[in-house]
C-alpha cells in the first residue's frame, strides 16, 4: 500500500465497476482536490497563526474578533479578497499578469505531491522525490518574475529581479545540504529517507554527524531564502520596494501570492522535518495492528514537528531585520555554499569510514567494545 | 565602493514617494538608478508645507504656541519651550526657576520618546517590525505622563510665555521614575534585539558616512553632527533652561562598528542620548525647586520692536526661532530653523553610490520628519 | 589575507551568537501579558474614566453660567467658536453657542480666560460620524439670558 | 559685535556696513548687497565664523531682506548679517559655495519671498508646487481659493455665518 | 509613487443617497431572505478585514502608528496595514493634506480597488482644522475624495480612531453588497 491513489483506484473499480482509465482519472482528481484544499486551509491557517504569533511577540493580541479567538479571521480575509475588484493596470502585460499568481501557486502546491504524511499517505512516492521537490518549488520564481515584469511597475520589477537572483542562488546550498542526506541513504525517494531514520532523536539525520548537523541549518536558511521570508524578504521588502513583486496585484490574484507564500512555509518546514527530523517515524510501541490508527498517529507526529518548524519560521520573521541584496549574495556564495561543501565532505567521510552509521551509533559502539 | 558611471542610456529614474513606506510621511525623492545603485538623489519636499510661518504672522504670540506643536509633532514639547524661550528673550521676561525645571523635564521626556520612535522606525525600515512596536509600547507610557501633565498625548501645547500652565505632582514624579526604571530594562532588551544584532550592524556600518567638515558645511546639527564626532550640544555649550545644573556627557559617535559618522553611529548616539536624558530627568526630579511656575505678564503681549534668534537643542538638532517683532501683538516674521531641513540637503551628496536599501537606512538614520522639513 | 580569514570566521561566529540572543528577547516577550487594552468592549473600565481629569477631549459649555463675555471666541485663533448674543429688553440673551469640533484643535486656549468655567474640556473623545455637520456642537436649545456673576454673589452674601 | 562692525568697515571701505541697534533682542549688521559674498567669506575664513546657523528671508516695510546668522565655534560669538533688497528686483549672491547646505535655505527664501540668489545651481520652488503663483510670505500676498481644479473655499460647517454681536 | 499613466480612473464615485432611490427595484430583490442572509455573511467578512494603507501625512500618522501598536492594536479587528494601495480597502487620511499633496492622494485613492472606504482622521483632514489660516492647506479632504467616516480630534487618540473603524465596520455591515453588484450588469 504505497500509494493511496492506487488504493482509491482499486476501491472505485471494486465498488462501481467502471473503466480503469476513468477510475484512475477520478481517483487522481479526488486526491488532488483533497490535498490542494488541505494546503489551502493550511495556508489560511498559517496567516492567522502568523498574526497571532506576531501579536504576542509584539505584546499585543492579534485578530480575536471573528469567531472564537478570531479563528475565522482567515475566512473573513478570504471573503473580502474574493469580493475585491480585480484591477489590472492599463499598461500591464495582461496575459502574463493573469498567469503569474497561478504559476506561483502551482509551483508550491505541486511540491505537496511527494510529501509523505505517513508511511501510507503520500500522493506519489517518486523515486526522484527530493529532486522533484527542489525543482518544482523553483517554479515560484517564474511566477514572481513574470508577475513583476508584467506589472509594468519599477518597484515590482526590482522586486522580481531580486527574487530571481536570490532564489536561483539559494537553490545551490539547499541542494548541496540535501545531498548529504542523499549520500547517506543512497536514495532520492522521500519515503526511503524517512525510513532510514528512526523515531528517536539519536536516529534522526540531524544528529547523524557534524556534517548533517550543520547542513540542517544551511538547508533551513536557504529554504527560508527561497521562500522570501525574513531575513531574506528583499523581493517584497515593505520599506524599500513598497510591496515588491506584488505591488500591483489586488484581490484574488494577490491572495494567490499570499497563499503560495504561506503554503511554501509549510512545505519547507515539512521538508526540514523529512530530511533531518525523522518525518512521520513513530516509536515501535505506538504501531498498532490497526493501520488507520497508526497512520493517524504518524500524521499527528509529522504535523506536530512541522508546526514546530513553522513556528520557528514565524519567530524568525518577527525578530530579524532583513539583509541587503549584496549581503544576501555574499552570504550565499561566500558562506553557505563553501560550508555546505564542507558538510558534504564530512558526511562523505562518515559514510566512507563508518558505513553510514550515525555519530552516536559509532560512539556507543566504541564505548561498548 | 562602487564605480559610478553616469551613463544616461542605462539608468532608471525611480520615483520614491510621496507615499512610500520608508519616507516617514510625505517626502519624495527622484532617484537616478543604475540597477540597485543610486546615481543621484533629488529630494522633492513641500508636500507638508502647512504655511506655519505665515500663520505666525497672522495670530498673536500666545496663539502661535499650538502651531509650534505641529512643527515637529514627534518632539512637540521641545518646540513649545523653544518658542516660549524665544518670545521671553524678546520681551525680557524672567521665567521662574521651577518652570525652567519643568521645561527641562518635558523636553527630556520628549527627547526620549522622539528617539524611541526614531530607533524603532529605523529598525522597521530595515525590516524588523517587532522592535518598532516594542518602542511604541514604551512610548505609550511616556505619552501617558504627558497626558497627566498637560492633557494631550501628542500635540501638547504645554508652555505658556513666561512659564508653564501646569505643575507637576509628587505622584506623577513617582510614576515617572517608575517608567524610567522600566525604560532602562527595555533598553537592555533593545540592545540584544537590535543594537548588537549582526544583520543590523552590517546594514548600518559604513553606510552614509558623514565626516565632521561635511556635516558642518551642510549645516547639520544635533545628533547627526555629534555622530560625526563633533562635541557640540547646545544644552551644554549654550546653556539655557538651567541645563548647567545637570551633569551629563555629550553623546558622540565612536565609529565602533565601522567608520566614524556612519549610520550606525547616528543610531547609537541616539541610543546614548536616551540614557543621558534618563539621567538628566532623575537629577531634575531630585532637585526640583518649589515656587511659582508662571511669571506675571501683561494682559496682551506686545514685545518691543526688535528681533531675536534663539536656538535650542531639539531631538532633531538645532531648533532656531527667528522672530522679528514690529511692536504689535502679532509677529512680523517667524522663521523656524529646523534640523531636518538642513539634513535633507545632504542626501544627494552622501546618497550617491548607495544601494536602494542603504538609502532607506541612511534616511532613517538621519531622522527626517516631514513637517520639520516643510513646516 | 590572514586578517580576512579571521574576519570571515569572526563574522560567522558573531552572526551565530547574536541571532539567538535577539530570538530569546522575542520569545520572552511572547510569554508576557499583552499590553493591549481591548477597547471598546473587553475592558474593566470605560477608557474615559481612566483618563486624567485635565484631559483635553471634546469641549462642553454649561449654558446656565455662561456670561456671554465672548472671551473664548476671541482667544480661539481659528474661529471655531461662534456665539450669538442679542440685546433684549431683559438684558443680553444667548441665542446660540456653537463649537465646531471638527475644526477645533484641542489646544485649550479658550478655557483659561473663561471667568466662570462655563466652557471646559470633557474627557469624551469618541465622536466618529458619517456626517461632518454633526460635529458642529450647539449648546443652547432655547434662548437663555446670560449669567451675571456679580448679582449672584450679592445674593449669596445676603443669604 | 560693534568691534566686528568697525573691523568690517576698515576691511571693506567701499561697502556700506551699518550697525543697527534695536530696542530688544539681537543687534545686526546691514551690509551692502554687492559686498555680501566677500564679507561673509571674510567672516568665515578670517574671523572663523565657521557655522551658518540660519539663512532666512524677511520683509520690512520697503525692502526684502536676506538674513544670515553666523556663529563662531572658537569664540562662541554670533553675528547677524542682513542685506536689504528692493522689492522689484531682489537679487543677491548665493553663499552656497561656502556652505553647501545653504542652497536649500536659499531655495526656501526664493520660494516664499521671491529673493533671487545669483549663481545658485538649482533655484526652483521647494515648498510649493511649480505652478504656484506668487510668493506667500510677502506681506501683500492674498491666499488663493482655487488651485488647479480644487476649490479651496471654506466649507460648511466650518464657516458658520458670523452673526455675533460685538461691541 | 507616480503611476499616472496606468490608472483606470473611475469617474463614478459612490453617491450614497441617490443610489438607493434609483435602484429601489433591486431593493425588493435584496429583501429576499437568501440575499439578505448571504449579504450579511459577505458583509461580515468584508467588515472584519478592512486593510488600511500604510500612509500618513502629518501628526495623526503618529497616532495611526500607535493605533496599530500594542496598546490599541487595530489587528484585533482584522485590520492590518498594507504598503500598496492595490491591496487596501481603506485609506485613513491621517493628517493635514496640502494642496500639493491633494492630487497625490486622489491618485492613491484611484489606485485602490473597489469597494473602498475613506476615514478622515483629525481636524486637518476633516476641514483644514487649525491650518485654515494658512494658504497652502486643503480645507477638508472631502473636497477631493468622498469620505465615509470623520474622526474628530487633533490628533484623535488611538481609541478614537478605533471607534472610527468600528463605525465604518457598522456601515460596511449595513451595505447591500449583492444588489450593488447587480446594478453594474
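In order of appearance the chains are A, B, C, D and E, and numbering begins at 1 in each one.
In this section, a contact is a pair of C-beta atoms (placed from the backbone, for glycine too) under 8 Å apart; a residue touches a chain by one contact, two chains touch by 3 or more.
Keep in mind the model is a prediction, meaning the values are calculated, not measured.
The minimum number of touch steps linking chain B to chain C comes to 1. Counted by C-beta pairs in contact, the busier of A-B and D-E is A-B. Central chain assignment: B. Criterion: smallest distance from chain C-alpha mean to the mean of all protein C-alpha atoms.
Separating the CA-averaged centres of chain B and chain E is a span of 32 Å. Averaged C-alpha coordinates give centres for chain B and chain D that are 24 Å from one another.
With each centre defined as the average position of its C-alpha atoms, the distance from chain A to chain C rounds to 51 Å.
Within chain E, residues 1, 54, 69-71, 73, 76, 83, 100, 127-128, 130, 132-136, 140, 142, 154, 157 each touch two or more of the remaining chains.
Residues of chain A found to touch two or more other chains are 55, 57-61, 155, 238, 242, 318-320. Shown for chain D are the residues that touch two or more other chains, namely 127-129, 136, 157-158. Those residues of chain E lying in contact with chain C across their complex are 70-73, 76, 123, 126-130, 132-133, 140, 142, 147-154, 156-157, 159-160, 162-164, 166-168, 171.
The part of chain B that touches chain E in the complex is made up of residues 15-21, 25-26, 46-52, 54-55, 58-59, 66-67, 69-70, 73-74, 117, 133-134, 136-137, 139-140, 143, 153-155, 370-371.
Chain C makes touch with chain A in their complex at residues 8, 11-12, 19, 22-23, 25-27, 29-30, 32-36, 38. For chain A in complex with chain B, the residues that touch the partner chain are 54, 57-60, 154-155, 158, 162, 230-231, 233-234, 237-242, 318-327. Within the complex formed with chain E, the chain C residues making contact are 34-40, 47, 58, 77-79, 100-107, 125-132, 135.
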